[in-house]
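A, B, C, D and E label the chains in the order they appear, each numbered from 1.
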Amino acid sequence: MSLVSNHQAFLAILLRDLRLGLRHRGELLNPLLFFLIVVTLFPLALGPDKLTLQQHAPAVIWVAAVLASSVSMDMMFRSDFEDGSLEQILLSPHSVTMLIMAKILAHWLLTGAPLTIFALLLSILLYLPVEALLPLFMSLLIGTPIFSLVGSVGGALTVGLRGGGMLLTLLIVPLYMPVLIFSVAAVNNALHGMSVRGEFYFLGALLVLALTLAPFATAASLRIRMG
Amino acid sequence: MIEHSTPTLRTERLECIRNDMQLFSGLDFQLAVGQLLQVVGPNGSGKTSLLRIICGLALPHDGTVYWNDKDIQQFNGEFLREISYVGYQNGIKDELSPLENLNIAQVLKVARDEISPTQVLKQFGLQGYEDIPVRKLSSGQRRRVALSRLLLIKARLWVLDEPFTALDDDGKQIIKNMIETHVNKGGMLILASHEPIEFSNCKTNKIELGQ
Amino acid sequence: MFDILDKYGAPKNAYTLACTLTPWFGWITAALFVAGLVGGLILAPPDYEQGESFRIIYVHVPSAWMSLFVYMVMASAGAMGLVWKVKVADAIARSCAPMGAWFTFLALATGSLWGKPMWGTWWVWDARLTSELILLFLYLGYMALQSAIDDRRMAARAGAVLALVGVVNIPIIHYSVEWWSTLHQGPTVSKFDAPSIHISMLIPLLIMTLAFMSYFATILMVRVRGEILDQERNTSWVRKLCEKSEA
Amino acid sequence: MIEHSTPTLRTERLECIRNDMQLFSGLDFQLAVGQLLQVVGPNGSGKTSLLRIICGLALPHDGTVYWNDKDIQQFNGEFLREISYVGYQNGIKDELSPLENLNIAQVLKVARDEISPTQVLKQFGLQGYEDIPVRKLSSGQRRRVALSRLLLIKARLWVLDEPFTALDDDGKQIIKNMIETHVNKGGMLILASHEPIEFSNCKTNKIELGQ
Amino acid sequence: MSLVSNHQAFLAILLRDLRLGLRHRGELLNPLLFFLIVVTLFPLALGPDKLTLQQHAPAVIWVAAVLASSVSMDMMFRSDFEDGSLEQILLSPHSVTMLIMAKILAHWLLTGAPLTIFALLLSILLYLPVEALLPLFMSLLIGTPIFSLVGSVGGALTVGLRGGGMLLTLLIVPLYMPVLIFSVAAVNNALHGMSVRGEFYFLGALLVLALTLAPFATAASLRIRMG
């Protein structure tokens, strides 16, 4: 006889998206495998020299993460738009911003989180020394949620546009750039035994900024795109 | 089922322009409880556009929609609790089963407690299909899943865009009865449909577009 | 403030205002350009390190500044259109993008022309250069989004959100030279307490900057007029205008 | 318009299984020139599935479809010249205008020379919309564009899945007349529709699915 | 009163797809911009050192080409499947293989060809010496059509599957690998003044093979996916 609480609605949307992602196991694995392919392409192209690989490992992993994330962002709203579910979400009396937070979290859990774990494995393959592993892990742990958050704005803006997937990449990759630059700098600093504090402060600030602004911007963009 | 306030839906000078063509302008109407509003007009006359504007999904080129004398673009929280929209698109997920789809719908809106998703599906002739992904259903079965949302949700205003599409005679009859029951119980309903169905049992107004 | 918005936010008034102001700004721009070029290319002495090639500064620095400034104008106009639904603001934001992209391109092109004698290459992947390139992408993305959405109002609103999100990049571009020690010139002009540039070079540079500003304003008005006409093509006053010009 | 051979369409022991349910089996029928075959049945009874099998777009679980006594899966060149299918989906490109869409349709199939795309669009009440991207049309207008393909193409067998969807009364009348004209001129037609329309002017057979 | 000739049908489909691509200018530019972004990401991540960049330029450009091509492949059949146009194409009495050839050619003209030209520009930015430009150009000229051809098979197999775009990448990138390896080897050989004949023979052979087999395989895959 009454509206469920915001928490329950959040949870329901989160579970829905996770279930949708897991049901089509392909969907879940794909960004991961895309990531894997990009990373493996590199030694193939650069040659097997250990020193070269080690030196470029942070960059390669981060570039692959950017690409995997940007390519996967398209799926956040597209199917909901196409089958009319998005209209139903926008017509919910719950806070749309909060429902979108749930979708973003689900997206991160399905792409960013496994990617972060996988990256550790791959970085060992690329001979990344142990002292750089923690900074790499941490930077991905902060950076990939930023990607999901910022990407959701782009996804909302381009939803339903033909060729939207690619347009989306164009829109969000420039926005990912600061994260990429600072993260690679952090890992490289760690590689050379320098301090990483400045970079992590910056990344943290970006995350907070994205967390507070992105869901609103996404909700606004969705409303705009609908009519 | 419905509380004893008497809300109204009212529009003021609604105008809609598409492809540089004015579909309608200066559209004023009022809808009170216990009334059915049928939007009729030939293809391309702007029925879908009007329905989406009323729901707040699209912006009119000019004019305002009021729910209880409040602009729905500004105070939409109250309005959203009271509206249930089934558009031309079904708004259900292909990969989820009918049951899972209804569970989401219940959470997104204000659920009615006296009826469960399984019961609703049964009423729509979908017993046996509760757990099959919607992707594997026929066009009419999908439409039934979408429409079954209406019974599950406590909303005073139903906005239906071509609800009879893809339904067989049985399905059409179910929807027709549902509509009449809802209106007669004190609901409000806006319907756009090309189906030649007369709603003789309830109070009906008509808006004709495209003259 | 709001009175002014109300008055000139109305498309028709804005159109008339732009029509009257355009020629004025046009003449001011021409005068400033002549003054700046004479000052910069003839009066200012050659740099003791860079010789004559430093004179490209008179195009590079103003266009680099403009590339950032125009973005801020675009984002603010977008915000106004979004929040207060000022139609003219939408037209302004939309008109800014190609010009901003053009200034960015100019900064990139003159920068790399200058880079050849200075650094020995056309291009280095230094932080400021890269972030300026990103700015170009932001402009291009904005324009791509605008052209992908055909409903004008929707395009304007979507573009505004994108522009506002992209604002984060502006400080990054500006401070990149300080945050990373890079090849690119640190603040030389904008350190107002003690500019590390000679006064005879500084004055023409400032004049050129004003010239760029006024050029921007002129073109902006011309573009905004076009946008307003297109945006309001179904209104009576535009129809009347067309009839008048046909007659 | 149609040559003086007398082709036939025949099926043998067609069987279709979906979701582990047998929709139909041992389905034999024959369709000769000048005949209309109506496939009826409730939602989910297998009408769309049957139509797609007949077109060769889907494989039956068992059985064969013959065109002039040749299995269409093996000798489909001849068959494809003679069939025109309008499915539940429109099969037109959103980004192209109605005119451009029809031009493609003409090239893909055997075009009739005596009528031009512009004329056909006019017949379907779409004058003025020839050059607007289909994306900007209403649901009924899109359906009209899809159906206008039929008049442009020289095909003896029309296979129509819910052609009346989204059409207004005017549109329905146009399609009804078209169907009757085609059949009476010696065409063959298979129709699946929930619309309660009687084709009194032409020879009609019925297949009922889902008993 | 009669079926148009096969050539006319080929031309009509080619023009249709080109028109669709050009109408949404975004669609046309997007793979190109994706390519551009990937290439610019690298120096950013690898650092501005001229020698490093020059040495890895061929690999970077080819990897970006592989990614741009694989990501763009999704658009070859997806929209045709979703709006039912694919059914209409399969029901044409024309040779479906030939109609598909037209689609593949259109795809190459819209993505591979501009990418090839653009790559030359970017390779100058990455300090690639002049003597390697011609081999790079030639390898892209042979390689990108192979991508479009092979990619079309993958596109046909995954059309209509949810998350198809990513699954597709997964399917075809391994198939792109030989082209990538030999092309990069060719450019690197040219960089070091060695002969490139062997590599180009191989690439040529691959192109011929793809040209003869891929359209048939694509047509067959489409039929399978439809029913």
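Keep this in mind: a residue touches a chain if its C-beta (ideal position, glycine included) is under 8 Å from a C-beta of that chain, and two chains touch if they have at least 3 such contacts.
All of these numbers come straight from a predicted model, not from anything done at the bench.
The minimal number of chain-to-chain contact steps leading from chain B to chain E is 2.
Listed here as common contacts of chain B and chain C: A. Among the remaining chains, the Cα-based centre furthest from that of chain A is the centre of D.
Across the assembly, the mean Cα position most removed from that of chain C is the one of D.
Interface comparison, A-B versus C-E: the higher count of C-beta contacts falls to A-B. A separation of 57 Å divides the Cα centre of chain C from that of chain D.
Centre to centre, using the average C-alpha position, chain D and chain E are separated by 36 Å.
Once the centre of each chain is set as its mean CA position, chain A and chain E turn out to be 27 Å apart.
Residues of chain E in contact with two or more other chains: 24, 26, 33, 37, 44, 79, 162.
Contact of a single residue of chain C with at least two other chains is seen at positions 130, 137, 140, 144, 148. Shared interface positions of chain B, defined as residues touching 2 or more other chains, are 59, 88, 94-95. Considering their complex, residues 121-126, 130, 133, 137, 140, 144, 147-148 of chain C touch chain E. Of all residues in chain B, only 17, 20, 22, 59 touch chain C in the complex they form. Every residue of chain C that touches chain B in the complex is listed here, in rising order: 153, 233-234. In the complex of the two chains, the chain E residues touching chain D come out as 1-4, 8-9, 12-13, 16, 19-20, 23-24, 79, 83-85, 87-94, 99, 226-227. Chain A meets chain E in the complex at residues 24, 26-27, 30-31, 33-34, 37-38, 41-42, 44-46, 56, 58-60, 62-63, 66-67, 71-72, 74-75, 79, 161-163, 165-167, 169-170, 173, 177, 180-181, 184.
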